[in-house]
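In the two complexes that follow, chain A is the common piece, with chain B as its partner first and chain C second.
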Partner chain A sequence: MNLPDRFTLFHLSVAVGAVVGCLLLVLGASPASQARTGQGQLERDLARRARVEFLLDAYAPVQQLADQGRVQQALMKLEEIGRRYPGEAYGLLLKGRLLAEAGAADQAIAAYAAAVRGNPDFVEDGAPLAARDEIEQLVNRHLEPLRRRLADGATGISARRTMEQLRYLQSRLAGGCE
Partner chain B sequence: MPSFDRQFVTILLASALLGLLGVFLALWGNPDNSGICVSCFLENSAGALGLHHNERMQYLRPELLGFVLGALASAMLGREFRSRGGSAPMLRLLSGIFLMVGCAAFIGCPIKLFLRLTAGDLTTLAGLAGLLAGVWIGLKGLAAGVSFERPGRAGGSAGFWLPILALAGVSVYWLRPEFIQFSVRGSGAQHAPVLAALGSGLLLGGLAQRSRFCVTGSVRDTLLLGRRNPLLWGLGVFVVVALLVNLASGHFRPGLYGQPGAHLEHLWSFLGMLLVGWLSVLIGGCPFRQLIKAGEGDADAGLVVIGMLLGAGLVQAWGLAATAAGVPVYGKVAVLAGLAFTSINVLLARRAEG
Partner chain C sequence: MSLRFVSLFLILVSLLAFGCSTPEPDGPVYKIGYMNCNSESETLQRFTPLTRYLEKEVGARFELIPVDTQDFEERFVREKFAFAHTNSLIYLVLHEDHKARLLATEKRGQFGARTAGAVIARKGSGIRNLADLKGKRMLFGPQLAPSGFLAQYDLLLQNGIDPETDLALYGIPHGSYKHEKVIYGVYFGAWDVAAAPALDLELMIRDGRISADDFNVIAQSEIFPYCTFSAAADVDPGLAERFRRALLELTPETTVEIDGEQVRVLRSTWVDGYEALTDSDYDILRAMARRANMPPYQKF
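Take a look at the complex of A and B:
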């Protein structure tokens, strides 16, 4: 049997050495790596929790007014906070709730749709600040009457726009990969 | 009808299992109507590898690794593994990227198109029309002598590397290195158990390698051969099985509205899938087929896969991917850029052939 030449031996030993080195490093560093992974996960969980706490805190005055049934004042407060955080999704969710309570269904639906666009977690079961049930109820309450209105010849841009928003929420509630 | 030989039976078996597992993987935990979706899986995997930071789309999908490794095992067993490559590398890489752009505009690959359709999602009809049109245009190009294939493809060791990377990818599930991200919410957090997903991928990868089954390939060969094409029967079986399982599991909800992972911008669904069908014909297979070919040693397909992974990262990082709200403006721009890229290359290739 011919022994491999030095060129082959050199490259073979580099390859084998590098692979063995990789394995040793990966296996040897496993506990430390796991600790770092845990640290990374902790940081992500902390950031997520902090975000939720911050939002609840920032919008607490709105929630207090809403709890007292002072919907108009709550909406004004929300607008005031919204100037500081324009387009923030939780603020839009609160706006949807307040407008629904005030009976402004079309605007409420638009606000809910904008909120879900900004943060799809709102329609996810078990997510912090999730509002899946109330969004589902909103869609179920308004979809069929609006569909009938459109079928009966309602031609307003606003009705069609509201229907688009409802369809969007309906599709988000259905799930899927996106 | 084609003769009932071993190859035909393998096609029927592969396509039946694709329909069955395509629905069952969603029942086992994958997102609705996404039991199998190569483009969604690549977007998830690109996120897991840190190529984008959409926290809802990060998971290294075991099915993808299974497709490649199943094809590798099958090719090895059948003595069909052959490392080969070297044909139009830049075009393939960019085609891979634009394949993902087209899929992202539609929300899904050709397999998911049929899984969505068999779950009653009628918005997919625009995508189906686009896919048929794209394959037809691609065939016209092939008939005019255009192809991204080049003669004299080199051998070498390049074809081994994608299967090796897939093998390394499997280790992630127990090593859990810090740089691999796993979603804890959103569709990335919805997944079938790892072993079920990996096993399904291996099985389908092996059978797809043996049968050469591919959705766009089925459409292409049907346009060429008509009913004599065995892949057409495979496609039919895939659709029927998926439809039956969806019906039996109560997941068949026919309609245009309120469908999971769907939008109502039909023109862009059409154009997205047209791009996918067109490119798939020119590069010799849909995204799924590229994974299978990469598993059997085709480095050209491997480069398409790397392009697809890159594209999957880009469509998320740049916000090009469609959602239920529709296709973002730059997603539309990217689809048009993909169509321009394809048509320019067809013209240049035709000139070179002439």
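Take a look at the complex of A and C:
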């Protein structure tokens, strides 16, 4: 019996590889594997839920002070929590709310924009910490007056940045690909 | 042949030298009065880079003059300052009494170009609202500080408490860093309540020097404009506009050379930027000053 040449060996090894690949695919789609995938989804859902619960708990003192109308004290508490969790999107969302209530519109817009950049779920209907309505109201209230101010030409870089942030929020609210 | 090379070399060198050097602005020297926060040396250190930046952008020569708050109005007139950097209350004085024009408002802290005043008590002191202040000892910031004196004085008056008669005693700390001394005065129990600027509370918490849980904010004012640049009435409008535009276009990345080093202008000045507010944005402060019988509306 003659030994197969290199050309035949190459084709044989490709055929064996294909068979093994098919077997792996079939096994991968087995109920056991599907259970494993489902387990992964469960883990992700649990982690997501735990994150939401944790954030609500960690920022509860800020929310309580805000509910009592103690805006300055709430901002102080938020600043302190921010030392532990710098840049946390939920903290930025709360900051946006508090600053809007205090009348610091430009800073509120900046905080909301940073929050949505950190967690786009805030503009999704039905998401656990969604704030779509208040962000929509903020954009509707400030976009046109700021556009007029910019058209007057009496503003500087701060106003242009605020406009960029409002446009960003407007685009996130609209959703879809751009 | 060699003469042609030499002359070509000289032309090249002179072109390079001209290209590398920044032409110094000429013409008259305009004075900018900067209100001292804590000390003259601090003011010089903070505002030298900004003043150099303004010279470069505006194309005029400026002299930086540190000025104590109480002397500001007098020196503004006597020494013919062209521009002034002051707190928002002193801006009102310069505007109402000397027709100074608003140029730009400084941004610092979470309220941006605005700030606020708070009345604070030590947590656990039993002082929970303004009604509890009667008969208590209160520490205020400097008398011409909008967020360290005026806002809180007005808050008390609006809530039926006359600081002159209803408090057991009120005081103002000596020396520099008055706003921090006020906060520490309550923290260490030397005083019952204090008039604390929202910005100082924010900065001290951010630095970890105090905790939000140490204090009760028993009252807070509305927000009103923060420190302000203004121009004297007789300054050329074109020059004032260039000055204003240079301030409004400052970004955190803007640098200027100081003693051979590139220095970030805003960072050195402890400022986040400048904003174009209108004079009517200061009406809220005007109302406070009128109610509290403070300059420029003081009546005897």
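The rule is short, and it goes like this: the second predicted complex is superposed on the first by the 148 of 178 C-alpha atoms of A that agree within 3 Å, B and C clash if a C-alpha of one lies under 4 Å from a C-alpha of the other, contacts with A are read in each partner's own complex, and residues count from 1 in each chain.
Quick note on the criterion: a contact is a pair of C-beta atoms (placed from the backbone, for glycine too) under 8 Å apart; a residue touches a chain by one contact, two chains touch by 3 or more.
In this text the structure is predicted, and so the values were computed from the model without any measurement.
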Superposed partners chain B and chain C on chain A - clash or fit: fit
Partner chain(s) touched by A:58 [first = chain B, second = chain C, both, neither]: neither
Which superposed partner A:124 touches (first chain B, second chain C, both, neither): first
Which of chain B and chain C A:170 touches, first, second, both or neither: first
Chain B versus chain C as contact partner of A:40, first or second or both or neither: first
Which of chain B and chain C A:156 touches, first, second, both or neither: second
Where chain B and chain C come nearest after superposition, their Cα distance in Å: 15
Chain A positions touched by chain B in one structure and by chain C in the second: none
In the complex with chain A, residue positions of chain B that touch it: 30-34, 37, 40, 44, 56, 107-108, 175-178, 184-187, 190, 257-264, 321-325
Residue numbers on chain A that touch chain C, as the complex places them: 70-73, 75-77, 79-80, 82-83, 95, 99, 102-104, 106-107, 154-159
Chain B-facing residues of chain A, complex: 26, 30, 33-34, 36-37, 40, 44, 117, 120-121, 124, 127, 164, 167-168, 170-178
Touching residues on chain C, where the partner in the complex is chain A: 104, 107, 110-114, 116, 118, 198, 201-202, 205-206, 208, 211-213, 215-217, 220, 222-223, 245, 247-251, 273-276
